[in-house]
Amino acid sequence: MIRTLRRHAWVTGLVVLLALLFVVTKLIQPGYGAADFVSLTRAVLPYAFAVAAQTVVVIAGGIDLSVASMMALTSVTAAVMMAGASEEYALFVVPFVLLMGFCLGALNGILIVVSRVPDIVVTLATLFMLQGAALLVLNAPGGGAAEWLKALVIGPVPIPFLPDSVDAYLPKALLLLVVCLAVVWIPLKRSRTGLSLYAIGSSELAAFRSGVPVARTKILAYALSGLFGAMGGLSLTMSTGIGAPIPGPYLLASVAAVVLGGVTLGGGRGGLLGPIVAVFVLRLVRTDLTLLAVDPNVTTIIEGVIMVIVVMLGAFLAMREKRS
Amino acid sequence: MSDSATAAVPPQPFGRRLKRLMSDQPLIPLILLLVALVVALQILRPGIVNPAWIATTIKFAIPLAIFAGCQTMAMLTGGIDLSVGTVATMAAFIVATQGVYHDPAVAIAIALTPALVIGLANGIGIGVFRVHPLIMTLGTGLIGTGFLQVYQRTVIATGTAVPPGLAWLGTGLTWGIPNALLLFIPAAAFILFLLNRTGFGRLLYAVGDNERAAKLSGVQYWQVILVLYVLCSLLAGIAGLLYIGLIKSASLSLAEPLVLPSVAAAVIGGTSIFGGRGGYLGSIVGALILRVLITLLTILQMPEGARQILFGVIVLGVTAAYLRIIEDR
Amino acid sequence: MRAVVTTEPLLDATGVAKNYGAVAALRNASLSVLPGEVHALMGANGAGKSTLVKILTGAVAASAGTIRIRGTARRMHSPAEARRSGLVPVYQEPSLIPDLDVAANLRLTGTPVEPFRAFVEELGVPDLDLSETARDIPLAILRVLDLARALAVKPDVLLLDEMTAALPANLAERVLEVVRREARGGRSVIFISHRFVEIAALCDRATVLRDGATVGVVDIAPGIEERIVELMLGAKVEKTRIAGPDAAVSQQAGPPRIAVRNLAVGTKLADVSFDLANGEVAGLVALEGQGQDELFGVLAGSIRPSGGTVEVDGERVAFSHPADAIRRGIAYVPGDRSEALLGHRSVRENIALPFSARLRDWGPINMRREQATVERAIERLQIDTRAQREVLRLSGGNQQKVTIARWVAADARTILCFDPTRGIDVGTKREIYRLLRELAAQGHSVLYYTSELEEVQLVCDRAIVIFGGRVVDILPVAIADEAALTRAAYGLAREAESGPANGAGAP
Amino acid sequence: QGTYTIGISNTVQGNGWREEMICAMKAQALASGKVAKLNIAHRNTDAAGQSEDIRNLISAGVNAIVVNPADPSGINAALKEATDKGIVVIAVDQAVTEPSAYIISNNQEQYAYLGAKWLFQQMGGKGDVVYMRGAAGASADSDRDKGFKKALAEFPDVKVAQEVFTGWQQDQGKQQILDFIATGTPFNGIWTSGIDNVIVDALVESGATMVPVVGADNAGFVGQLNNVQGFTGAAVTNPGSIGAAGVKLAVDILDGKKPEEKVVLVEPQLWENATAEGKAKLKAAADPSLSPEWPVSIMIPGWTDYTKEQIVACKGPGE
């Protein structure tokens, strides 16, 4: 136990930080309760998928600058397809869009492998391509979403035998997030393919020499990133009921959360839990700043400072650990 | 598989020799790519490649190229500087608003102060506390933006005055040649000299290639990183001053759109984001390539979405072609 | 030696060539390995041994040549494919994934855990923790793990590229034993090493490469060494001490160059005291993990001691950064060259690196002066600079020379060499011995850790032996033969007839 | 003094227009004397992020929310949650489709129509126009496009020589127009979506023939309309102070004074420098001391109660 905690010291630290933040929130706003927690998880949703998309590729030693554009494209695609369509049609739209994300992500990977151009340039190029495609699909915000899909992220999960006051704290959005991530991540993490992701991120040469199919693994990493990106895009459509072709602020946010979550840029280290917790931390900080009615320009400063301080603290502790 | 039992190296065909030349002088193919883009532009819009256009392109490429200089140096150490956009914007906005009260020299000094402070913060955070450069500079960029917004509140009704010297430098031409080159040529020469002929330049490469090896040779990482980021910030501040001279309209996000392209320019120019490899001449050509590409897309009549797709396709195509040409493995 | 049965070769490569741009790493190499044979692949640094191994195992593509396995022409596209064909390599550089723990590394390659564990134990690492991350494991152990991993999949042909180079004597011995036994069990082994003793003890035949071409295949028999060296270098090299032990050394006037007293580092280094005189090459001998890493770390300024003192020229020092040590003229050459080299920079920049380290040297470089200094150093170490644009492309041995050349160029007064002849061919070794003696003669001092015990008598003036973090003996070179050193290294007392330790400052 | 807490949500930061809007909101809140506190969420984000901010404002217990929507329908769910809780919701600048919200908005379609029509008339009803839009995919941009196209349809002899998106970025707009000038393609007029003063600047700098330019009422551009020799153009008002109107409406509703209509459109005005009358208006409107990106229409008669000093001070209640 102690050992696992130590090994995951960073994530543990983040969880503690998150808990503290909840306490602080409750102090600022004594009325903060279940409904607010539901709101928080809804706000977390697109960020969480964006950061998941970023995490997979960063673990595999890459970086994906096209995350936000991927979300925009998949979101408008879903919104356009569902606009005016029947409720059932959405049952087709969802897998279609997920597949689309997966394939476009794979395309990212294929371009990287085939062109041998560094990830950062390829995904910068696809950032523009996907964003352009989003504009071609929908040149201004619009489209629609099936009601049942929108309902998926509204309110808590009703659990039959639990009193409402308890299950009020289990938002549907959270359940959706956990299920979507777990379905992809847990089997992956347990498989040899999952190890291969870490391996190519840690050392491509050593991985190649260990018999890892480097190209295939890399393509898979980007495909998964595309898949998570599509989930993010769908979550945007679900929570707004429309699609917007201009990418939201998810690219930098995803990179920041990846680093805050203890995943090393450069690859090979870290997991998905840390970045997801980091997303909660960042969103909750935002909530607290709003609750406190901090001057909005100062808010920007505070968010920047928090980001820097947390990482600095982590680095400082790591340094002390190493010394002793 | 052919059999080559003989020891003698066979005489190389012309194609191979050309390739060898290109891989030894990677700048040549990069410049050829630039020329190809210019030719494409001229074909699509005959007459556009004229002295006025060339001057415009150079004027707009210069701030980008200075930014790319920051990125090149930072990337050589395995870093990146995302705060350059904020730093430049702050310098620009502050000089334009302080220019109302103070004479240009004073206004410029005030405008460059945040650059110095942010550079120091970046350097200390990255060099001493080992914060990842991406996060550190993203953070200081945010903080800087916040301060700029706060500052902006205090100068709403002071008007703006871009120092005429900066406007002359930014927009002026002498015998058809942009005055901005008066600033850029020495700056570029300085960066090139720094990278190729000074101890500090060597250390940028060394630290980015193998930090441990550098350490064992007596290099103090934090010193190198501190100086690097301060230098980057100051260069970004200067680029901001030049940019306000060029655009002449102080806005709160003036130079932000240059940040991603500056990284792209450095990468297209052959600098590795993982450190240790690259150089500034390539980045300058990279900046020119991007600028020409932007013109090309502006001029082409097509839906905005298609334009963006084309931009992505060309950036990728150019970089891939360039890599193919220079690699010799 | 076992008699070689003439059957069809298991592996047969002919006419193999490989060009890296202008550099021809291999021009015309051939290699034929019989079933159950231990076949040495020999050649000077840069001869192309590693390149051949990489080609045979699909890690790089050949420019030309044919490879047959059991008579069928094959072309390997990846190490994975080679594995499936029964060819399993241990490359010159460790191949475990640095960020994965050992267990995950095994899972990744589909290596069965139990046989692996058994081999690891047999190879002399009894208490391996499978949950340890590869990055945190010392190089020598990593090499052993690489080998065990290869053995565990029961390869038909095992290719060992300088497997023993980074190993201390005790572990190297185990490796030989295990490899010998596996060969008897019917596996073929391709064995690369620059140590003739090992070749003699283990191999049946040897293929010799020179400048990328096979220049001969010989049966290993007593006395064949001369012939191999001749083939390798195209000349003869004799094996004698480079310079007589300098009796005057320890009696030199003035304070010792470095005086170490009761030095301790955590639990690794308990109590070490000795002097390093001016003009002396002091050998340091120890089994793996006896505190030598920490000792070098402290003297080089990378580790802070937890107790004891270090004096340089009679002045007490406390280094907090290698720069502090370098300022005192103390340079450290790590055993793992990847720790010392800027892989993507030129030979010149690598050698000139210390010139720019200090703040006051950050200004313009005097290129002419630098050029001259660097060239002198290259000359002095005879570095093969054909691939000098990127040090990474030099052969292992030439890379190693660059790490030393740097400090020769910088004229460091004291060099701490950690196993500097690791993976260096005989000819080059001689050059390095000569160089170190020359430096000593000029009044420089050298602390010389070696895992090849015979080197002590070839180049050192004294041997300091540590065991369990303590100095257990300091032997004059005259009696520091391999037997004596081995005894001492295991912490056994000196045999009766040898005199008392005469090292300065031993407790 | 006051008792109400008003929440504000805005999703574009670092743009003079939006900064003016925020300052106007603060000034109005202060001037009304009825607002105890403003709770401002002001950052760069999308509709989902704005929904988050709105929900946070609900958690904070505000009485009213004034929102400049990132999108007309993307934040409906969050707005509905607010109105369900009895919070008064006002959308400013752009409309929202949530029926329980009040809207007080600049008429973007009319904005473009008015300016384009004037421009085409100036061009004599024929010739080539350079159409410099805002950010592709933004709803304000597509609304304006409708107005522009409507005017274009009325002038069959006017052709669009070049259509580009400035992304509402000064530097982009300037480079684009300079590139276009370099092609040597003749053009007779320029319509801009508010990136205006750099365009005039570029014309002057490059020595190109002056053509009529239509822009917004940004201080910098209004200054040019007054001062640049031989330059004809028009500014169409698009007051950032619309934010203040939103606050005023919110306070009125909280006071129990509900308006007749849920939707109030503030109609834009056009100030041109081609006629003496127009010149007079422009002279009156000019304010060289103002930040050049700020619209000069810092007040909206009938909708704002503060003084210039107050909006320039940019201080809300309790600051």
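Going in written order, the chains are labelled A, B, C and D, and every chain counts its residues from 1.
Keep this in mind: a contact is a pair of C-beta atoms (placed from the backbone, for glycine too) under 8 Å apart; a residue touches a chain by one contact, two chains touch by 3 or more.
Because the structure is predicted, anything quoted here is derived from the model rather than measured.
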Most remote chain, CA-based centroid, reference being chain B: C
Whole-Å gap separating chain A and chain B, where each centre is the average of the chain's CA atoms: 30
Centroid distance [mean C-alpha coordinates] between chain C and chain B, Å: 43
Whole-Å separation of chain centres (CA-atom averages), chain C against chain D: 72
Multi-chain contact sites of chain A, meaning residues that touch two or more partners: 134-135, 139, 245, 295, 297, 299-300
In chain B, residues with contacts to at least two other chains: 145, 149, 153, 304-305
Junction residues of chain C - those touching two or more other chains: none
Pairs of chains found to touch, sorted by chain label: A-B, A-C, A-D, B-C, B-D
Contact set on chain A toward chain B in their complex: 111, 115-118, 120-122, 124-129, 131-137, 139, 245, 252, 255-256, 259-260, 265-266, 295, 297-305, 307-308, 311-312, 315-316, 318-319
Complex contact set, residues of chain B against chain C: 1-7, 9, 20, 23, 193, 197-200, 202-203, 205-206, 209-210, 212-220, 223, 227, 276-277, 328-329
Residues on chain B engaged by chain A in the complex (per definition of touch): 125, 129-132, 134-136, 138-147, 149-150, 153, 260, 263-264, 267-268, 272-274, 303-313, 315-316, 319-320, 323, 327
Contact set on chain C toward chain B in their complex: 15, 17, 20-22, 24, 27-28, 62-66, 75, 213, 300, 302, 321-323, 326-327, 332, 334, 338-345, 349, 352-359, 361-365, 367, 406
Complex interface listing, chain A residues touching chain C: 192, 195-196, 198-199, 201-203, 206-213, 267-269, 323
